[in-house]
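In the two complexes below, chain A is the common chain; its partner is chain B in one and chain C in the other.
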Partner chain A sequence: MDPPLQKLDRVFIQYLYLLPPIIAIALFLFLYPVAYAVYISFTNFDLYHLFYYTFVGLRIYQEILTSNTFYTLLLNTVIWTVGSLVPMVVTGFILALILNQRDIKGRNVFFTLLLVPWAFPAYISLVIWYGMWNYEYGIVNKFLGLFGIPPINWLTFTNTAWAALILTNLWLSFPYYTAVFLSSLQSIPSELYDIAVVDGANAWHRFRYITLPPLMRSAIAFVSVGGFVFTWNNFYPIYILTGGGPGISTDILIVYTYQEAFSYGYYNIAAAYSVISTIILTIMAILMLRVGRVLEVIT
Partner chain B sequence: MSSKYSLKNRVANWVRLGISYIILAIVAAIAVFPIYYIIITSVNPIPTLASITLRSLLPEKPSLEAYYYILFKEPFLLWLRNSLILAAGTIAITVIVAFITGGAALSRFNVPGKTTLMVTIYVMTFFPFAATALPLYLMFASLGMLRGWSTYVGLILAYSGGTSIFSSYLVKVFLDRIPKDYEEAALIDGLTRPGGAFFRILLPMAKPIIAFVALLAFMGAYTDYALANAFITQGSMWTLTLGMYYLAFVNRATLYNVLAAFSVLMGIPIFAIFIAFQKYLVQIYAMGGVKA
Partner chain C sequence: MNKLGLSTGGAIIGIVVAVIVIIAAVVAVFYLYKPSAPKPTTPPGFVIPISDFTPQNVYSPSFAQTFCSKVGNVTITVWDTYSVSENQAFNASLASFEQLYPCIHVEVTYGVGIATSNFISAAKAGQAPIVYRDTSDDAGKLFAAGLLLNLSEYLPPSVFEQYLPTAAQNFYLNTPSAHGYYGLPDNINYIVMFYNKQYITSPPNTTDQLINMCLQVNSTYTCGALPMASALSGGYRFAAWFAGFGGQIFGPNNMPQLNSSAMANALEFWYNLTYDLHINAPDMNPSLEGQLFTSGQAAIIFDGPWDLGTYFKALGCNLGAAPLPVVSQTGLHASPLIGSTGWVIAAPQASGATPQQLEAALVFILYMTGPQAELNLWNYAHDIPANLQAYNTAVSQLKAGQLTHRA
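After this line comes the complex of A and B, so read on.
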């Protein structure tokens, strides 16, 4: 055995005894739940068929895919995800650029203030926002009243409900994007900008050829995919603010799945929805990862 | 050099800085407002949402009445205890699982097909929690174990499954940055006991990521409403989130300043930790590239 291989083996052997717990954990905590959910989506297993359930093949999927509910939910999920993500990324990016200017004073103070929505637990913030969007008494309508705008019944109508949901979500999440973009902007050596100034590059050229390329390659693509997945499965804003209402006009896949499982006991339908949602999400994520070349980073 | 100090450039600079400060001030005000609003409401003698006016944003007679009420007239402390039990259990399991799988398996085993495995794990984090919690829920329900302390065992396992898969990915990304040479050097220096390299070398160097994973696990359990709502059937087992949901949406008699005091008591400790460690937390989030 040649020395390098022997050395490698010894490090490997050091960890070999961890193999059984790793396999057990992976099976029990990760693989079993997913496999189980996939399995019951092919059966008629629900609250009313707890002990005597049978295999029904693709029937549940067929029912879901031919129902209007599914397409409404899918459209809503896309509106929710894209409608939240685009303003978040844009706001985060602009704020990061502003904070990254070298002659800004009090950068740390501003940065800390901007982090506040992220630092406070989102669940509590959403309960607070629910009160703030209230039609008669909410502070939002009272502020609008200062400008002579009549009170708006935010959460009762589909369009205003979407506006309230997306604005709340923007408030909750923009600090994350600001922080991540700022940290990658600050990793660009300032010498590059000095050299560019000497070479006569104007502000736009410095932005276009120095600031943007490293961001485009990693940060924006990376956090956008992560943010897309997170927002797609973000349960609490819609569950707390509108509960998917009015009707199901602001309901999204994850909230509907939860209600099907834990409010109505249709475990198989919930499982099938999860499978469909995950497949769609995976396809989108892989497309975006390909475009953004993020796979190299995570593997 | 002369052009740099020309009048035109100086005006452009002022305009740029002026606009920057205005934007930052407005965004900072919006960012801070809801938290300010809830703190002010909690020290205001305001019984309902209806009595909140723009003027009450600057309280005239602050009082701690609402805090007395939430702490001693509502079962806040019981809910807090329950939340902390769940959080402690989740932290313990998540840290161990994430470190063993993420640290040892994903970062240090060079097995074929590891790339596929990483992508699979990444994709598995896409699976909605509502479905992955189902098997545990049904198992505990069918065994009649959604009563008493066994409820918490089920919940802790459900939380750990969710948080550790994400954490193990984070641990892997972090440990990949620690070169293997340290462990090899230790082996050459005679540290040959099985697990020696793991416990003596890798574990101490991974302290920051362990602290982060613990925080993540804590937040997962402490701020979860969805699973607690599904699993917990007894009032005495309620957590803070269930209590808050009840006071905010179910019990119409709740005084609004009491709810505000609840929010402050539950949220501010987390808030303080986050702000205190912000530099470090932001760094790890930027590294992981996954929002949580």
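After this line comes the complex of A and C, so read on.
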């Protein structure tokens, strides 16, 4: 055999050794849990049928899709996702633009400080925020009181609960968006700005024609799709701050799924909810990927 | 001759024959009747008869010796859900148990939170702990799902009479699918009124008195002291007031009936206390109310005995405790839900336990809910005992003002 072919053979055999762990990981860490969830969503598998359960077909899906609860949860999930994503992207973008100024002093210090909310364990942050929204002792009402604004029972009423949830999520998440936008901004060659200045372009023109186009192509589209998927399934803020309440007025699909499984013991219903949520999310992500042409940019 | 054509003599003979036949039948039944086979005195695979599993026996060295000689060495797995102070009591009880039963090796997993989901996951895999400590309401769910042993089939009925009836009843379920006792209680708990004697000298008996006292606190301590800090979040704590206004959680056919005037009145009562009279702090949660009370910033809170040790440590002799007051509008006591925590045994299908492990588990839970172990819990953690003997001792200590804190 020719030496190059021998070498190819050797490489092929080496890769062959990697195959079993790759298959094992794919099967047990990815495919098995997903397949099992799909499977039990077609059964009566719950706490009371833990060892012996039977196939019930599409009954669970039919019950979910014909219930008002599902549509309330879906609407809440959209409110939560879009309501969080828009301010997060805008805030992250503005902060990145500020930090990208060449003449700004102590940029690294500011950037490090901005990362603190992201670096701090989210669970702990949320417990602290829970205290901050307290009617009587929370710092938010104390602060508003300085301006003569009467205290608000933030987490007890639907509208104020949404505001509290979205503001908390904004605080938790904006550093990520800032970091992504900033790295993207810094990849734009500074010479372009210098040439534009020589050509007489003002700040708005530089932003509109140099900064925005590459960002729109890559960072904004990428961050929007990624952020959408992440926020849709962002469990802890709602679980810790409101538990989905009052009633289910701030409950979202992922939190309700958890409650169905671990509070009520209906694993089959929880699995069906997660399958439906995943299908909706996948459709939304594909649409956004197509519209944002993120894959084209990446490839 | 009568209408039937029988002579008087014939009738007499007939009656005599009938009487003789009846007597013969009764005698035959008496001699021939054999009662149906009694319930087995020893469950399948067991070497100790059911009647021997009693709280008195498990504390007896001679029983322990017999047990070890018959059963041999056995290991049981235990999930411990006690708090830090409760664990001190548990460890003391465990040490004496292992000394008495050298043949039973207890593998304890500490720090397991009371979370049935962990137990369910382990049970599904057939790896649930053989013994588990859970609340009576959570464990009821597990029993209904067939994951716990039906103790009525493994222990003599007299065992369940060793506990406060309410505590024992907390671990009893009667549904078409599950019927019997599923656990032995190691405490009993319900919401009471804790007050700080610095602000309230004697506890209010009615809600009117409560309001007056709180208004008094408001006017006397204009800064730094709240009359009340009550976390009413969740049905458990609010249920007492619902009952005080005449409400019943379950109606006919065991269906919930919460949409009632009693509910509206109870909610209105608390709304007024909080937002009109300003004698209750709004937006409370159990953690916050505890902090306010222990730091002397709240005069009254409504909480359970699980925090008694913390409050006693913080307030010492200034701590007072009393039943919830009578609701003045209705004349009814605000009646809290009464629950228990206790020990349960996983069904063999959930844990894979052998009959000998089940026998050891039964001995273990009887020991841990016996008078000595529950007094340990009382002394270390101020858990109110469910065991009658331990309860009586604890109550007499309380009456004598001998409550102490063991750190």
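Details
Note that the second predicted complex is superposed on the first by the 282 of 299 C-alpha atoms of A that agree within 3 Å, B and C clash if a C-alpha of one lies under 4 Å from a C-alpha of the other, contacts with A are read in each partner's own complex, and residues count from 1 in each chain.
One rule holds in what follows: contacts are C-beta pairs under 8 Å (C-beta built on N, C-alpha and C of every residue); 3 or more make two chains touch, one makes a residue touch a chain.
Since we're looking at a predicted model, the values are computed, not measured.
Partners chain B and chain C, once the complexes are superposed on chain A, run into each other and clash. By the touch criterion defined above, A:G265 lies against chain C but remains apart from chain B after alignment on the C-alpha atoms of chain A. When both complexes are overlaid on chain A, the residue A:N134 reaches chain B and chain C alike. Between chain B and chain C, more residues of chain A are touched by B. By the touch criterion defined above, A:Y193 reaches neither chain B nor chain C. Looking at the shared chain after the overlay, A:Y53 reaches neither chain B nor chain C. In the superposition on chain A, contact is made by A:L114 with chain B only, not with chain C. Judged by the touch definition given at the top, the superposed model places A:F235 against chain B, while chain C stays out of reach. When the two complexes are overlaid on their common chain A, residue A:F157 makes contact with neither chain B nor chain C.
50, 131, 134, 136-138, 261-262 are the residues of chain A that lie in the contact sets of both chain B and chain C, per the superposition on chain A. Chain contact summary for the complex, chain A toward chain B: residues 7-8, 10-19, 21-22, 25-26, 29-30, 32-34, 36-37, 40, 50, 94-95, 98-99, 101, 103-104, 110, 112-125, 127-132, 134, 136-139, 142-143, 146, 171, 173, 175-176, 179-180, 183-184, 219, 222-223, 226-227, 229-230, 232-233, 235-236, 239, 253-254, 257-258, 261-262, 267, 270-271, 273-275, 277-278, 281-282, 285, 294-295, 297-299.
Residues 47-48, 50-51, 131, 134-138, 153, 155-156, 261-262, 265 of chain A touch chain C in their complex. Those residues of chain B whose C-beta lies close enough to touch chain A in the complex are 13, 16-17, 20-21, 23-24, 27-28, 30-32, 34-35, 37-38, 48-50, 52-54, 97, 100-101, 104-105, 108-110, 114-115, 118-119, 121-138, 142, 157, 160-161, 164-165, 169, 173, 180, 183-184, 187, 194-198, 219, 222-223, 225-226, 229-230, 241, 244-245, 248, 256, 259, 263, 266-267, 270-271, 274-275, 278, 282-283, 285-286, 289-292.
Across the complex, chain C meets chain A through its residues 117, 120, 123-124, 141, 144-147, 177, 281-284, 288, 349.
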